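A, B, C, D and E are the chain letters, set down in written order, and residue numbers restart from 1 in every chain.
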Amino acid sequence: MEATWLWLIPIAPLVTSVLCGAIALATRNAEAPPRRLVGWLACLGPGLSFALSLLAWTELRGLMPVGRMLSQTAYRWIDSGVLQLDVGFVVDPLSSLMLLFVTGVGTLIHIYSTGYMHAERGFARYFAYLNLFMFSMLILVLADSLPLLFVGWEGVGLCSYLLIGYWFEDPAKAAAGKKAFVVNRIGDFGVLIAMFLVLWTLQGVGSASLSFADLRRHTEAFTPALATAVCLLLFLGATGKSAQIPLYVWLPDAMAGPTPVSALIHAATMVTAGVYLVARMHFLFALSPVASTIVAVVGAATALLAATIAVAQNDFKKVLAYSTVSQLGYMFVGVGVGAYGAGIFHVFTHAFFKACLFLGSGAVIHALHDEQDIRRMGGLRHKMPLTFWTFVIATLALAGIPPLAGFFSKDHILWEALSKPNVVAPWLPPVLWVVLVAAALCTAFYMWRLVALVFLGSFRGDAHTYEHAHEAPPSMAMPLVLLATGSVLVGLLGVPHLLGGSNRLESWLHPSFTLAQDTHLESPPHEGEESGGSAAETEASVGHEPVSAHATSAALPESAAMAVALAAGLLGLGLGHQLYVRRPQAASALAMRLPAVRRLLAGKYFIDELYAAAIVRPLRLFSDRVLWRIVDMRLIDGSVRLLGWLTWALSVAFRFAQSGYVQTYVLVVVLGVFALLWRVL
Amino acid sequence: MSFEFAWHPDAWLLVAPMLVVCGTALVILVGDLFLPNVRWTIPALAGLALAAALALARWNQPLAAAEAALNGALRLDAFAIFLQVAILACAGLSLLGAQAYHERAGTGRAEFFVLVLFATVGMMVLVASSDLITMFLGLELLSFPTYVLCGFLRQQIKSNEAALKYFVLGSFASSVFLYGIALVWGASGSTQLAEIAQAPESPLLYLGALLVATGFLFKIGAVPFHMWVPDVYEGAPTPVTMLMATAVKIAAFGALVRTLLVTTLYQTLPLGTILWWCAILTMTVGNMSALTQPNIKRMLAFSSVAHAGYMLVGLAAVATTGWPAGASAVLYYLLAYAAMNIGAFTVVTLLGRRAEGELQFDRDWSGVARRHPGLGVAMALFMIALGGLPPTAGFFGKYSLFRAALDAGLVSLVVIAVLNSLVSVYYYLRVIVAMYMKAEREAPPVLLDALAPRVHAFDGPGAMAAPDVVAPPPAPRLAEARPWGAFLAVAVCAVLTLWLGIGPSLGGLPGLSQVMAWAEAAVESLR
Amino acid sequence: MPLLSAIVFVPMLTAVALLLLPRGNERLVRSVALLGMLLDLVLTLMAVQQSNNGAGFQLVERAAWIPRWGIEYHLGMDGISLWLVALTGLLGPIAVLGSWTGITQRVREFHVLLLLLQTGMQGTFLSLDLFLFYVFWEVSLVPMYFLIGIWGHERRLYAAIKFVLFTLAGSLLMLVAILSLVVEHARETGTYTFDLLTLYGTDIDPAHQIWYFAAFALAFAIKVPLWPLHTWLPDAHVEAPTAGSVILAGILLKMGGYGFLRFAMPLFPHGLAAATPLLMAVSVIGIVYGALVSMVQPDMKKLVAYSSVSHLGFVMLGILSANTQGLEGGIYQMLNHGLSTGALFLLVGMLYERRHSRAIADFGGLAKSMPIYAVVLVFVTLSSIGLPGLNGFVGEFLILLGAFKESRLHAVIATTGVVLGAVYMLWMVERVLFGPIRQEANRRVHDLSRREILTFAPLLVLIVVMGVYPKPFLDRMHGSVGTLIRRVQLDERLAADKAGAPRLQADDDVRLPAATAAAESTASREGAR
Amino acid sequence: MVGLHEYLVVSGLLFLIGAVGVLTRTNGLILFMSLELMLNAVNLTFVALARYTGSLDGHVFVFLVTAVAAAEAAVGLAIFVSLFRLHRSVNVDQMNAMGE
Amino acid sequence: MFYALSGISVLAALWMITRRSPLSSALSLVVTFLGLAALYAMLDAQLLFVVQIWVYAGAVMVLVLFVIMLLNLREEESRMAAASWGRFALCGILALGLAWKAFGVLAGVRGIAPPVSSEFGGVASVAEILFTRYLVQFQLVGLLLLAVVVGVVVLAKRAR
């Protein structure tokens, strides 16, 4: 259905962004920027978007599932030969979900920021960036075509760059911003090529708008090899944006930005764009089991790797950052095994509890005057009870403790990973499952370690700081509470059938993934998935219980698996409590006993160093010493100058032939005559 | 015994332009006895203008009977008129441009004008003669006054040496030329070009023709007969250099073109190949030698060698195919080249006076464009034109030469020529660099006059000047006078340089298209 | 009114007017020059407004010049030259504004040369007569030589002469090719003509075409500059005064790309076919090489100069792919590069004016002391690295897409240039703007003045507009680009037929009715399902 | 009677001797005399050819050349005299104020 | 007779170019000129025989001798040593090369002297052509001489 007001959703924050930017520039020399005005303006943009998103959602609910889609084509963007790109927006169940939590969480974090950033001189500048981010993210979510999605994709990357480098006077922070941008660019390289490949493929069938609808219509044009190539290239982009192996390295560094930024961009929204992209392009991923498998494997590997690194980090935000990387890995496993709904579900829940965790960390850091090292914290639960409790709730949600949000989404992914057979590597599902469970264990462990070190025990920093620690102001507390509430509740949208739930979220998302399941059904029987069958029936009654025979028949293993996962979570929590609350010495003793492991983990497996040594430095050295100094200056320019020098030398020789002796001149004349005669006669 | 002079009433018309110039010379010669303080520039210019008018009046009006009566010694065909007018214009502009120089060097004596006018007559004879012996006489008539003019600054070693070198080499070449005439005459029984064309082929004819060609190539300064050019151009007084570089070159080329086209010897002799090599050598040696030359006059001398090379490209085209397109291109190029060169040399005379050290442009001319913006612009224009960049005459001239050569299929020759002009741009730009881009020199420590012999006192073994010939420095009063004539010459040359480069035909004003048409008509008249 | 002639000669007349102004009033000189440039801009906008999307030449003006040799005064504009003319018109006033305070010596001469340069460039883009084109081509050379040589920096003489000799080396050989072409045409038809449109129709021996194309391509490749003919560029840029760099990067380099589009390709399709693999490879090398070398430059101006090598590599890659997207992208990218690199040079120049240094190491933390400057620099940088939503992206996207159709490998390697572009530009921005202020002088440096902001305003606006709504710009190109493709490819097919080789696949860009029908039927099938 | 070619060879020989003289003698006056010798050699050619073709034109040419030669002598000697005033020498090897 | 005269002329010419003293060179040149005059006479060129003796052997050589005396040249070419001989050798080789080429041509010319009237080469017969067919050239020579007079005055006049 046409909805000509969709463009308002992204535009609202853009307008406020521009206004804030103008204010920032106009008041750059003023002593006190108009904080109140800016604060209101900045929250207004995302707030409006949120309201409009709600409106879109309600309109969407009123539509039949088959055509459940709002769309608007704003204008023709690029028109060149067969290439006809429009700026068009679409709201389908998938994007409506994304819209809701992006704008919702976004608005909350804006509100939080008005408190958190209150003392900053660059207050207006900050909100200009943040609103611009909202704009880009909304473009990304609303885009109805790959290129427009790419606009948002790079836009969020830009804002991430700007916000990470917000405190630009710190060179490390500015460098972190650049690193984020550049690493993302490497991923974007993949997306660009993927787009070219898609266009190149589709021109044969006479379509080159690159809109998702068109792509969906023409999936038959893709051979498996092509589909694999496109998917892997897209996934390269996703690894960049969503911080997966091998491009995750930027995200921990990105914690240099203000904490609300970490919450919004580097936890809740932007980093999930990769998952969103895969989900959006599910119809192609469905064509390529190889690519999907790779997605799942990379996701699982990232989940475990990041979780292990998080265990040994001492920076509050870095722990959370690695946790984010790890959770993103889960999501990729979800979409990788074809459980797009599960993946998106985790995106959704994760947004709440991770945002809550980050905001909590922000409150702590704020309270301790920018102290981030957890070794110098402790016992803060007395000082900051609200923060403590919201933080614990979110932690438990992350650890997957029922009935909090994380439990349902994570469990869903785990079960899908285990239950969906894999045609490429039949042995894979159990492996994936084991890896994810192990990661879950680590997750619970490091999260409880965090809680223990920050809030429990006694304070380890200097007393003065502790004295001045204070609970968060209302503007910061309110979002915390709301997000914690969300962390408790949103999981209930996707209670699996096993537990008597109806998994409303899955049903809601279903129309977005219809085609994928269609093709799954049409393609060879490797996709014997359970939700596929259920989907067909769901259509009739959305929101009602779609009980599937298939689902119930697998009930026993599912409950067993669920139990194991839950046990792992609890074990992790318990271990954490044991080591960091009960017997804190044991933790250090353990670390002492395994110095190599500790160093490896604390050093993040030295991946950054590896990249620097293997790629960055050689490239720079090669460019400088070989390309510039030798090839450019010596070879190319040198040969030019050599030519010039030779000419010059020749000229000097000629000049000196002009000796000034008249008889020499006569001699030359005679030689000339001689040559003439000799030539002719 | 009574003689009947072979004269024809119309013959007066035929020789009238030369007679006028001659008469002007005599008037000045005699007038100087009575009016020793008169400046003779304007009378000389008037004479030249009258001569040009008389020549132009005969355009398209052949004097066949008179020519026959004079036994073909002189012809006033379109070709001759075209070149005679060009020569007269060059001589006039040179005299005008010399004004500043006269005031500084004291060369503005009547003898100077007389000699220039006699040389002009020689040139006019040279381009009008269609008979080898007349050509020889014309050549000598232009040469002897030029030898003397080169040595006109008698106190100056360089000037005297220039005269000596020019004399020795010139006489040598004349002897060779004459020997060639003798052999050609022996082989063909005639010295008339048209009859030589009918002569049976014989080795003697070839030998003679080659020697004659040597004489021409010497006069135009083609490699390897160019060795005199730099030294003579450098040593001679600048106005004389100007004359040699332009008018004399026009005359020599004119005679060469006429000889080539009328005798049609290219049909039997491998002149195409010879000129091909000659052109390449001339361009390359000229440009290469000029490349690092810091003395402006010497640099322009080598550049004039190089330009002779470009024109030889056109002649090579003629000699290869016999098509006259190359010849008309050469005529056009001569005009263009003369305009730029007179302009450049006039600026040299002006700046040589002002910039104390005078001629080492990289040193002495730094920043002068700031003091003399007009001269700077003009010199830059001339340099750009000499380098062959549009929108100047230099470009269009080169363009027409190259087109003719390409028409004749001489692609490799043209490629070498353009590479040469690439090299040439470098040294022309060096002048601009000096004038515009170097910092202006501080006020000169001592006002050295360029002509004072002590400038050369340390210049080598020949510098032991006898004390009795040291000239007193010229009177400052003269040096301060504004040489309007020279400025006028520069302006005229600048306008010509631009106009011959892009000028469209507007109404009655002849554009380059029209000038080209005249050149073609001139060549056509040789048939 | 002969609009195109006015566009070409108004700057020259202004230059003459400048010469007549009384001495000593520099402000008056600047104002008059600015007025002239603005008038030129207005005229170009009128031309844009009067143009249509047609395939042929518009606003054509013809007059006899040297009739005996078929040389005419022949101007015309089409969708390819249209925007380049407009860009030239735009950068003219910006160059004047950008040197308002930077040039204090010989102000009058400076502006006279700038205006003459403008005439040369506009003439180059508008000539439809090869001779006239060549004249303008060379005319634009000389003022730039003076601009670099007189108002340049330390090694200006070297840079200026290098610039001239490099350019001339190519263009003189091109002159030979032009003449040979005309002579060959005359040999076949009996008439001499330099008229481009007539020569388009000439059937030139394919063996000769290769040589002609080589000569033309050499001239244009030097101007572009393609690797490895680029070494004049860093020197020229570094030494040129700000306005010179802006014009040099903004427009003079585009003359190379334009030359390919207008002359080398349509005149000699066989030559193009033979040379495409080599030229594409060289373009791609240039993209990566320029980016890598630019990464390690310690001098801001040099960095931007090498980045031009990389960007112009993109342009050439698009042009050489010779399909709609590639060509339109190439043209579009020329405009983008003109805007963004022009702005970058202005920015570097303004910094130089304030601090007399271009070394990146001398700066750092400028975002603190010059916030507006920082905003502009970041903005322009983003345009330069092709951030979607800004103009650079549109061009790069189209180019890479076009290239991808021709050669997957080239496009993929070229795309790495996009990544590297971000690396070197952002690294430069980081080192200049961010971090602590390390030198005391940088703390006191004053931000952009109102005039400077005014200078940038049109550039920034265009950067956004061209990124958000490129359609009107592209629309004007379609017709002419289509003509160009037919010209280039028609002969290719003929050649293939002659050689008995299988015909190339039907060109995707000419929208075949059959393909459209197929697409529609697919769509309707989907709908039915 | 002697053949024409013998006259021509003799004149050629004299011409060559003159040329060698110009090339080798650094004494300006001897150099100058060599130049005169070259002209005379040409004259011999003219006279011989005139006799063997029966055309008096050759004699006229010789007459004209003789006048030219006289003029050449005058100019040449004047130049040497003038140079001698500066150099106190007529040795052409010393006259290279303008060589490189 | 021819061989004797030409032999004397050539030998005198060689003598001329090898003498150190300009004076002896000049004297040997006179011998050459006289030899040539005799050859002219053998070729029935009566007028030229006289002109040769008057103008060359007489006027020109007197002028040369006058200058030699005027300049009072010392024995300058005392350095007439190895270098000079080297130069001689080089030029000799060159001359031989030229001779090889050119004399091949010259020696190939065959001509039979036609019988001529006794007027041939006389003053009247030469003058008749000179003043009719070659009138312009004759005038030109006059002009030439005038120009040279002016020139020589310029050069030889004592400095101001």
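Basically, contacts are C-beta pairs under 8 Å (C-beta built on N, C-alpha and C of every residue); 3 or more make two chains touch, one makes a residue touch a chain.
Fair warning: this is a prediction, and the values are worked out from it, not measured in the lab.
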**Study point:** Required steps from subunit A to subunit E (each step between touching chains, minimum)
**Key:** 1
Revision key, fill the gap. dist(centroid_CA(subunit B), centroid_CA(subunit E)) in Å evaluates to 31
Practice item. Go ahead and note the Å separation of the Cα centroids belonging to subunit B and subunit D. Key: 26
Practice item. Return the distance between the CA-based centres of subunit D and subunit E, expressed in whole Å. Key: 6
Study note, to complete from the structure: Between the Cα centroids of subunit A and subunit B the separation in whole angstrom comes to 79
Point to revise | Shared interface positions of subunit B, touching two or more other chains | key: 133, 137, 140, 144, 147-148, 151, 154-155, 163-165, 168, 172, 186, 203, 206-207, 230-231, 469
Point to revise | Multi-chain contact residues (two or more partners), subunit E | key: 87, 91, 94, 98, 102, 104-106, 108-109, 133-134, 137, 141, 144, 148, 151-152, 155
Point to revise | Residues of subunit A touching at least two other chains | key: 655, 658, 660, 662-663, 666-667, 670-671, 673, 677, 681
Check your understanding: Between which chains does touch occur?
Key -> A-B, A-C, A-D, A-E, B-C, B-D, B-E, D-E
**Study point:** subunit E-facing residues of subunit D, complex
**Key:** 1-10, 12-14, 16-21, 23-27, 29-30, 32-34, 36-37, 40, 43-44, 47-54, 56-57, 59-60, 62-64, 66-71, 73-75, 77-82, 84, 89-91
**Study point:** In the complex, subunit B residues that touch subunit A
**Key:** 164-165, 168-169, 172-173, 176, 203, 206-207, 210-211, 213-214, 217-218, 223-225, 227-228, 230-231, 269-270, 273-274, 285, 288-293, 423
Check your understanding: Given the complex with subunit A, which residues does subunit C contribute to the contact?
Key -> 162, 166, 228, 230-231, 289, 292-293, 295-297, 323-325, 328-329, 365, 367-368, 371-372, 375, 378, 382, 387-389, 393-394, 397-398, 400-401, 404-405, 408, 411-412, 415-416, 418-419, 422-423, 426-427, 429-430, 433-437, 468-471, 474-475, 478, 508-509, 511, 515-516, 518-519, 522-523, 526
Review point. Taking the complex as given, what residues does subunit D use to touch subunit B?
Key: 8, 15, 18-19, 22, 28, 31, 35, 38-39, 41-42, 45-46, 49, 53, 55, 57-58, 61, 64-65, 68, 71-72, 75-76, 78-80, 82-83, 85-88, 92, 94-99
Review point. Can you list the subunit E residues touching subunit A in their complex?
Key: 87, 91, 94, 97-98, 101-102, 104-105
